[in-house]
Amino acid sequence: KTITISCGAVGAEKQLCEEGTQAWADQTGHEVKVVSTPNSATERLSLYQQLLAAQSEDVDIFQIDVVWPGMLAQHLVDLSEYTSGAEDAHFESLVQNNTVDGRLVAMPWFTDAGVLYYRKDLLEKYDQQVPETWQQLTDSARVVMAGEREAGNDRFWGFVWQGRAYEGLTCNALEWVASHNGGTVVDAEGNVTINNPQAREALALASTWIDDISPRSVLNYTEEEARGVFQSGNALYMRNWPYAWSLAQSDDSPVKDKVGVVALPRGGEQGTHAGTLGGWQLAVSRYSANKDEAADLVRFLTSYEEQKRRAIQGSYNPTIPGLYEDEEVLTAVPFFGELFETFKNGVPRPSSVTGESYGRVSNAFFNATHQVLSGEAEPEQALNGLERQLQRLGRRGW
Amino acid sequence: MNRKLLKKIAAKTGFTVLLAGILLFTVFPFYYAIVTSFKSGSELFDVTWWVSSFNFSNYLSVIGDGSFVGSIWNSVLVSFATVIIAMAFGLTAAYALGRVQFRGRSAVLMIVLGVSMFPQVAVLSGLFEVIRALDLYNNPLALIFSYTIFTLPFTVWILTTFMRQLPKELEEAAIVDGASPMTTLFKVFIPLMWPAMATTGLLAFIAAWNEFLFALTFTLTDDQRTVPVAIALLTGGSQYELPWGNLMAASVIVTVPLVLLVLIFQRRIVSGLTAGAVKG
Amino acid sequence: MAHTTPAPVETAAGGKSPARALPAKRQASRVRRQRLRAAWLFLIPMLVVLAAVAGWPLMRTIWFSFTDASFSNISEYGLVGFENYLVYDNGAWYGVLADPTWWNAVWNTLFFTVVSVGMETVLGLIIALTLNAQFRGRGWVRAATLIPWAVPTIVSAKMWGWMLHDQFGIINEMLLGIGLISEPLNWTANADLSMWAVIMVDVWKTTPFMALLTLAALQMLPSDCYEAAKVDGIHPVRVFFKVTLPLILPALMVAIIFRVLDALRVFDVIYVLTSNSADTMSMSVYARQQLVEFQDVGYGSAASTVLFLVIALLTISYLYLGRKQIGGEA
Amino acid sequence: MACVELKNINKTFGQIEILPCVNLRIEDGEFVVFVGPSGCGKSTMLRLIAGLEDPSSGDIEIDGEVVTDQSPKERGVGMVFQSYALYPHMSVYENIAFGLKLGKAKKNKIREWVEKTAEVLQLEKLLDRKPRELSGGQRQRVAIGRAMAREPKIMLFDEPLSNLDASLRVQMRTEIAKLHDRLQSTMIYVTHDQVEAMTLADKIVVLNGGNIEQVGTPYELYETPASLFVAGFIGSPKMNLMPGRVAGETGASATTIDIRGLGQVTVNRETSGLKDGDSVTVGVRPEHFSLALSGPDHGLEVVNVEYLGNEAYVYVELPGMQELMVVRQPVPCEVQTGQRVALTTEPELVHVFDASGRALGPFQAESEATEQLAATQ
Amino acid sequence: MACVELKNINKTFGQIEILPCVNLRIEDGEFVVFVGPSGCGKSTMLRLIAGLEDPSSGDIEIDGEVVTDQSPKERGVGMVFQSYALYPHMSVYENIAFGLKLGKAKKNKIREWVEKTAEVLQLEKLLDRKPRELSGGQRQRVAIGRAMAREPKIMLFDEPLSNLDASLRVQMRTEIAKLHDRLQSTMIYVTHDQVEAMTLADKIVVLNGGNIEQVGTPYELYETPASLFVAGFIGSPKMNLMPGRVAGETGASATTIDIRGLGQVTVNRETSGLKDGDSVTVGVRPEHFSLALSGPDHGLEVVNVEYLGNEAYVYVELPGMQELMVVRQPVPCEVQTGQRVALTTEPELVHVFDASGRALGPFQAESEATEQLAATQ
């Protein structure tokens, strides 16, 4: 039988996926076809939805984002019938995230969480500490920036992150709010929690960064723009996903070996380290003609061995806690160990609870944030508006 | 005499400057893409004006990916077929709309235009259903079929406009010579419509060549995909990394055939085709 | 030999008998009918193809605009009437027509359309006039000018995003280099600039479209009245405005129509360059956001339908204003 | 067999009535020439007959069959367009061969035919040229060739020789006459050249502002124009027309007419409808005046003498008349500008038109005058 | 002031040489008419003078200044195009006014001007029409109007009256002559109408295959054509040309020439370059033959009589010659087809051309013959 799987696009991700599926195919004698899908998550989602809405058999296994299970649940198979409890070995938060109405619609495959990149050399040069809180980050960034600018690099900035009005900003802002103990916009019961003083404080702080330690154009940065600035040596700090690590460490990188990675700062002394949970899951389509084989492939791909291989070869964060203590893994990616907590306790976006409204929630959230950042609205005003908007969205239940 | 010479030189210089300006305006970003396509890794983040070293690794990696070459082939097939269909239906329709006066002509024109008034995303789902119903999913035919939704109105309108401008007497002469509408169209009008046909053809070809949303949605496997999708699906080592070098190399690769195509067909865009036909 | 029925001979002045009843307008003759039939025969394949491609999707979109269908479960929906368009609920208006974001998108789109199509038309004309001249290497220049149109939109938008980058974008480098600006501009993030950045990219990308169509129109002009203008010693600028422009106007109008249609539906450029930013959100981006990101097929379809109506309205009034040029002689 | 009949044809362009009501019958094999002032509707008539234009009302019959509905092809017409309407993308050869090819003739047949036609039209060397590389006259000949090659049963020529030089025009005229003899097809020909009209026509139709003024043989038109208009239109230089006034009794074989500035003429016309003192117009053709030098105080002043090589036109001023009188004289011409001359003519050669422009026929009392006139031919 | 001079002008289109080497001087204020067979290069010459076409080599001077690289505007020319070249989107009014506005004339000034021009051209009622709604002749008049309204210092007319009816043509011709008188501008005029050429021209230039055959006044061309070509080309119907052979002594005031089928003529030409037995061509104009009826066995057969109204052409067959001889006769004409006639002429009226086509001048011994001839005018 031929199983069609959508995993990754091309490049290293696809290659890893192909190797994994090939191994399974060799074991079982089935055939696996890998289809590539767009890089952009929204494009990928709409493509999936076209296929699923048409009840297409064309794809058996979908690689889905951590925020999608709520939206796609009704098209997906309950995997718990096939996994015989294997999901228990994974991060609990992820499994919960993937369980919709008691059905395990997807298996965690790899995870992601926002981390802070910093320039070891510069911190040393200006005698600064690796920041523990956002405030420290702000202060040290100012110092280093002033120094570097004086030294002639007038394009040097303190902190770059993802400020464009898109999902990435939701992730960033959620980190600020959550690290200030400001909740996750909508709590697990479906109540709108965003309009609280901590959240206001977090946004107010962030909005001071613009034109101070962050260029105004950060308001239009996605991951790559930020990495571009950072990797060309023009920024002290960067908030990004772990993927940037291997690139920053690549041979032709000007910042090679000058980069450190830590968990994102806390929001004040009482705050917590918070990294928004990202990552991808594998799910089986309800319309698949080969559900059994597909589920088996999912089980195989999410297994300990396969995740270990991917962690070593591609620095993909495993979803099985045990792997963060595996020696082989740690030699390949040293910071996995240090950041285990960050990955384990990644802050989930309120996607499960808001279900198919998540898109609107996230949109409302990043738009409100963007307004605050760009100075069009005061945090208070923006959050009031956001709260009203979300309450209206959720007025009949999510 | 001297002033005249000066004036001539000034005019010539002015023209050259204008030309240079136009070329700079249109080609510079592409040139920059070429420059970028020879870079790799962190070089990308440096601003450079010239190609410092010819590093073909991006090209090799793009071409080395077998499915990319295949997608070029798919694109060629799809675009050519689209243009041929658009031309075939467009020309005949343009003859009817441009040369025959009948009631409902403007209504037909409006309806044809109306088709291109919905945003692509809005028709996407419906079209997807049609294509699945016709069992064309993941088949280049689906693209050829769906592309007519934007190429056809365009060709019909443009060709109608140009067809209308041809002298009435020519058609009358053909009628007196006993030519049927078909013959008139093919033997008399089409040869005179080359500038319009080459232009619309090129524009439609490129539009089909570059179409992304339909191509992404209506094909699934790499061996059926077209160039823009293939380019969009070029990614780097991970989810967020954009492989700039590869992307630019791929863009350069797929633009070259188009440039050649334009070079070939622009010869058809010549003036004075109807010169000498009628007096007065 | 000649059995002529001599017509009553009348002098030129007294020619017309005052009360000759004009017979009722005759029916279309057979020749005309034949031509008509040929015309419809020619038209029908085109119409059938269009109907096959577009009929269902368009109907479906309009239909869904009256429902509360959602993307994630498109088969279950209820009819909601005009709720997606406009509804009064709990003391407030809801629906597309009551959404300030929508009206902001409408305004953005109109602004974008007017400015970018205007600029494209002017630039396209200039380029076309240049390419119309005879010079060595004209073919290459023609091919070169078409490149922006030939680069896939996604690539070109990304390319420009890169070039417009405030940190390592070459545009800023260039402007800094010639001293036009003293510090890098935030093209895509700055609310004041981002719309202009979008317009700039769109102008760059689609000017070739205008230029090529205009070129075709120029090349199909009758040439001999230019000689007359030359002999009459008329200034080239005047010739352009009084002769060339009126003569290419029909083609230009059609080119503009299609550009306007595209501009009113603009999506990729804006989406790639500035994402969902409210400063640049267009009607299509709005519709897509509703449809894809918010999963609300009903609402998104309503937005699409309103977008369709806006475009249709604009097009019809444009055609009406320009009917002389377009509907003119046949 | 192709006789053409126009029945109550009316043609309007929008608001403008071009042909109010035309009735005309053209016999099979006849050579009919349409003449008339510029813009009077000649081309429109041809186009109606060809079927390129629909009449606003009325019917066209060919061989008794109403063809208003038929296409030009079915009507069997060929046409030389006034504006040529050559296919600009085809060579001269292809232009001429196009109709033949559509007629499904054989390849070498076509070549033969085209080459023959081209030879007749002196286009042999130009067969490979495109229309834009031809001179005006050459284009016109291609247009003729295209219509000729197909040998249709009705041929329509719209000023086909207007751009050809005199000697070529004579040759072409002869060729067309030959073609007519050979094919016996019906030919309808529009021309402004009087020589062409006179020499080619079996019948001339004079149009004026969309109305048919007179139909007749060249001889009839020249010798007995039915109206002032025809009299003024046929003949070049045109007939001298002078306002006159009946002086004395009418209705007899000799009527005296008073012409201001010229004196009295006695004419031999049917003047019974007139009475003493009525205004009439008197017409005398330029060749029908005799010139005699008169003394410096008598006669009329010669204001201009135009030398044409084979003849000369003497322009004489008639006091009180705007237009000059023209007298044809052989060369060498004896009078010179500034001299004064006396004009004389014969009574039979004087045309008289009543106030409404109708010509007065020859005096009918015994109806001999006419016969006598005819016998002189 | 505008005298035009062409110096060694050569013009080729691709491979084809149209004008091999033309030298011509046109004086200021002169009215020059170009005539020549269709396709001989007349329009090309006008276009070269106008500056619409660049000469392949040679120079064009206006008032002594080389203008080869000047634009038409700088040359100060106006032109009526053979193909009219009207602005298709402008009304008649706008077409005529378009060139005028240039001079920044006031609006009502322009209107006045245009209306005056339109009146002269009888276009008053058509001022609002577009060219496509006009008849051929009306379009042509618009083209004339456009050039006339501007009153340039050099006016070029390319067959401007070819599509007008005879009477309008006469009027227009007069208007052009008036315009010439008024403006004193240099006019260069192409026509195929011999009457136009003869009446309008100060100087006629006869072109043949790109070469200037002869330049002269109408009188000179008609009376003393320099070559066989000019002789055959000027005059309609054309001169009768017969092959002959010198019989007897040459170089004297009377040379005898033997014409096959016609007998011997004695001419009064400079024949010193010839010798007994040499081939020559003898030319006699149709109006220079006298006709006399001869017996049924004598003389030549009349094969055709063409009636033209004001005159008749009698076609006579000369045994052994392909072309028919034409004799002009007044009407009523006394001979009829089938009769046999004898032709006679005067020695002074006989043209003789040597084998190369050059005309033999009048006998020069005392150079009196010419003067005498001139005196008769």
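In order of appearance the chains are A, B, C, D and E, and numbering begins at 1 in each one.
Keep this in mind: a contact is a pair of C-beta atoms (placed from the backbone, for glycine too) under 8 Å apart; a residue touches a chain by one contact, two chains touch by 3 or more.
Keep in mind that this is a model prediction, so the values were computed, not measured.
Chemist: What chains do chain A and chain E have as common neighbours?
Modeler: Correct list: B, C.
Chemist: Write out the two chains that share the greatest number of C-beta pairs in contact.
Modeler: Counting C-beta pairs in contact for each chain pair, the top pair is B-C.
Chemist: Centroid of chain C to centroid of chain E, CA atoms only: how many Å?
Modeler: Roughly 57 Å separates the two chain centres.
Chemist: With chain centres taken as the means of their Cα atoms, state the distance from chain A to chain C in Å.
Modeler: Result: the chain centres lie 40 Å from each other.
Chemist: Spell out, as numbers or ranges, the residues of chain D touching 2 or more other chains.
Modeler: Each of 51, 71, 82-83, 133-134, 136 in chain D touches at least two other chains.
Chemist: Could you say which residues in chain A touch two or more other chains, in rising order?
Modeler: Counting only residues that touch two or more other chains, chain A contributes 53, 228-229, 232.
Chemist: Out of chain C, which residues touch more than one other chain, so two or more?
Modeler: 74, 168, 222, 224, 292, 329
Chemist: Mind listing the chain D positions that touch chain B in their complex?
Modeler: Going through chain D, the ones touching chain B are 47, 50-52, 71-73, 77-79, 81-89, 98-99, 102-103, 130-134, 136, 139, 146-147, 150.
Chemist: Given the complex with chain A, which residues does chain C contribute to the contact?
Modeler: Touch residues, chain C against chain A: 70-75, 165-168, 183-184, 186-191, 194, 274-278, 289, 292-295.
Chemist: Touching residues of chain B toward chain A in the complex: what are they?
Modeler: Against chain A, chain B makes touches at 40-46, 65, 124-125, 128-129, 132, 137-138, 216-217, 220-222, 232-243.
Chemist: Given the complex with chain E, which residues does chain C contribute to the contact?
Modeler: So the residues of chain C in touch with chain E come to 222, 224-225, 227-235, 238, 242-243, 246-247, 329.
Chemist: Report the residues of chain E in contact with chain B in the complex, numbered from low to high.
Modeler: Going by the criterion above, the answer is residues 69-70, 82-84, 86, 131-132, 136, 139-140.
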